[in-house]
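Worksheet for the structure shown next.
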């Protein structure tokens, strides 16, 4: 059984050696050389420091295209036209599947056609040198954003290549992104990733790690997102990571979203070791977007307003073209500017919402109970506890493509638009909490004169395209 | 001196006769015939009923072009592509200046070029028949929106032409819109307009009247806007108007905006006679807009979120092209859809902000004090009181193009972005209130390490273009 | 009409399952028998499931932008196994903002009987299948009532 | 440099005065002597004020879309009175979304020495006037300090 134990230096070295053999045409990169590259970067490109030292909410888009020059230009557009504070490099799907040959083919095809034939940047194929050119060419800290269950080689290449923040984790980049991996497997892979980050950290290069809180992006109850992020934070901390950003995706109810970020801000430092600096990231709406750009701008602005109220350390922005496909650089910058406008206009205002405390209380209670279940299931070992908790459905996520999660937890919105659970499966929350969820959903059922059912869930998922948060019967 | 006294039927008749003689090529229209036209309209085109009976916030854009067919198409686009609940017809500037010949020339030129050579719809030149064709061709209630100090003929033509709501008033369409009229003059003109609305009302055609609350659109303190709207409501009520919509323009601080609408909702019915049904309208940002459409969408969405929280009866929307000029129909519909998305997503949420009560208290106290000053100045006669109050600066507006207002009241934002008064001139508010304003602005001055001055005001006016609400030194 | 069997799934490496999860429920509610293959389904698995369930229709979902590559050989896989179901594809069918009509043409050429944009909602899909198999709504309501 | 006298105002029927109100203050702060004619100023009044104040520059503002019509004959009115100030126009100079370069060309032809879009901020205007009259910043700071 997998264990939550720090890999020894010897283990790291052995694993590292093996990981690099998968690199298409690259020899294992000298660690000292990589550290030296990081040290050569100016202060304003040091990811963890910039993020942790900022006041105000930093903005960061998602963006990745196939070719290096094109990626550089894309990132420049996002800082120059969008004012992005932090930069992303989103990795293509083939790389996420570790299909480096297909990625190579796509890259070459892109070079021929001059268009991006991949949905992201194939960092492994660009290699360490390619990554370093990118990092040098742009003027802000850059993070790897991907969705790769087995991200060992990607981490080895990109960290040696000068990236200082690495998104994902063994749960959050497994369950929502793939059907092909056991949790025990991805935990092992990510122990290597985290240990590598830890090794850099020990050398003074504090690599930032960011669990992907939004999960499947669709009606994810805050407590589930937070509990899973904290678990991933704990696993990372074991391997020596010292900068962790807990993530959460907007559900659209302002009070619930504010309460969730607050809960994360309180519980993160409480559960993670003192040596870890905890920050938070709020993702603008991660579910299906309205196709109409005017409506999409409304969704983007609402997420920005929520962020302005609760002030997470950063916000991940969407573009008004989200529903259509990978956005153009201009559309991406548009989303950033709409976000910035709302953030800045609200920046000076102190806005306190009634009812946040109560919702926060409810979230925190569930998070604690879910974490307790993990600790217990593993007899104190988090890694083992995670595997067992998911096996038994004590932890679960809605709409998982993966069989590693039970997928029995079925969420729906209450009358106020807050995400509640219609079915808990075996989720480890106490009866009192369940009762609250049930009561809220019965209120909604009464309002709509129908019984709580999957139909409600389907209506809620589609509601946003009709311009609404709660999917009422007869809306379309 | 002008008096707040209902015009007799005989007076109305005599005035009406005279007003119609200015009509370019039109004979005075038979009142019975006009009433019959209104009665022929279906329920969903009855403005006052639709507005007063709605639940949820109704959306209404501004829109006017020169030619009739083009105006019909424009309004159809706004309902079909924008989902507008209430329709506008914005009148061109020449008509507002009573320059019907110039308007005619512009109209003819527009017919030749096929483009709109006027910045609005020249309703007087289109005449009663033109107006009726418009009303018949569209599928929602339509309001005349203009800015005409002497709107007597415009009212006569458009009301006979089937419009059921008429924006403006003797103060709100004088002070911000022109430098050429005394208040006593415009009060007289609007007594005719209101009496005409009253005459329709007595025949069962409840014409809705809407004071233009945003005034100069720029840093207008809520109490001033509300006091002036209530005064206009009182003057209208005297003449028999029974449906009054009090207006207010977003200042951008959510708490202050919510407090202002609440104050209006409380004080309106308190001061206006019971026979009057009072509704409220919230205008999205009326000051200078950012030129960038992405940023403009943020401003629009923020206004929509504010409206969703406080739920006025309607919201006047802006387009992302606001800073550039008269928007295309598509851009106008875009603004409506962004607005709708935010309104709908927040519609089910109950959002209560802390601090609203205190701000509302402050606003209400000032409104009462301003109204008291008007009543006193006129020895109980509102019409006369208004004239005197403005003469003495007891009532005032910022940035008036007109000399009928002292223009001594100088507003600036406090640290939280709320609009306060830097200079009161002779404004009739008590010492305690002044002290609060002063203290808040001194806090800001301390934050910025400069003394409160006109420079602050200028910075605040320009701030929005730099994406901010409060103009801090060194921002640009 | 019980017996109209339908297979759904996302193809290739695509893991977007929210659409097919809801589609599965909508089709079941409409009276169809549904086999949901879930995420990241290889084309062969679609063909095998079609044979196993004697499927009248196979509904392929793809959101992530590689539909064209992933579907290459899908119809050949059906043919190899002697299956000839009606095939639909839906979701987000192209990287970037290319025109949908062009996309539809390409997928038609590949052998799909129906090509749906992401604007298609559940009712459209149910309607299309009903039309395809001459099922009227009352019949399916009956089936649903019985199930 | 005290003595560089400037006239500002909005022309025609235009009542948008926020811009010129702030412009007045910015120019005063920069050391100019400013006569603000306010809203809805007839072209003749601009010419008269230019003569009266012996203005070096006249700044015409127009926001509401009729600048072209309103400015017809303005330069002739100056000429009639023997005045020849530098003339600038700024604000929102066209109904609709027409191209600014085209607009600039038209107003240049009408005789304006400077044509500013609404993007121009106060500093741009002050800068332009300083360049025009060879005033350097320190001189004007001095003037301001003295005033």
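All chains are identified by letter, namely A, B, C and D, in their written order; residue positions are counted from 1 within each chain.
Heads up, the rule we're going with is that contacts are C-beta pairs under 8 Å (C-beta built on N, C-alpha and C of every residue); 3 or more make two chains touch, one makes a residue touch a chain.
Note that the coordinates shown come from a computational prediction; the quantities given were computed from them, not determined experimentally.
Novice: Compute the distance, rounded to whole Å, between the mean C-alpha positions of chain B and chain D.
Specialist: 30
Novice: If you average the CA atoms of chain C and of chain D, how far apart do the two points sit, in angstrom?
Specialist: Distance between chain centres, rounded to whole Å: 67 Å.
Novice: For chain A and chain D, let me know how many angstrom lie between their CA-based centres, rounded off.
Specialist: Their C-alpha centroids are separated by 54 Å.
Novice: By the touch rule stated above, which residues of chain B touch at least two different other chains?
Specialist: Expected reply: no residues.
Novice: Pull out every residue in chain C that's touching 2 or more other chains.
Specialist: Residues of chain C never touch two or more of the other chains.
Novice: Chain touch graph shape: choose line, ring, star, complete or other and state it.
Specialist: line
Novice: What chain-chain pairs meet the touch criterion?
Specialist: Every pair of chains in contact is listed here: A-B, A-C, B-D.
Novice: Mind pulling up the chain C residues that touch chain A in the complex?
Specialist: Within the complex, chain C touches chain A at residues 10, 13, 15-18, 21-22, 25-26, 29, 38-40, 64-66, 92, 94-97, 118-119, 121-122.
Novice: Which bits of chain B are touching chain A when the two form their complex?
Specialist: 252-255, 290, 292-302, 304-305, 333-342, 344-355, 415-417, 464, 467-470
Novice: Along chain A, where are the residues that touch chain C in the complex?
Specialist: 93-94, 96-97, 99, 115-119, 176-180, 216-218, 287-288, 291, 321, 323-326, 328, 399-403, 454-455, 457-458, 461-462, 476
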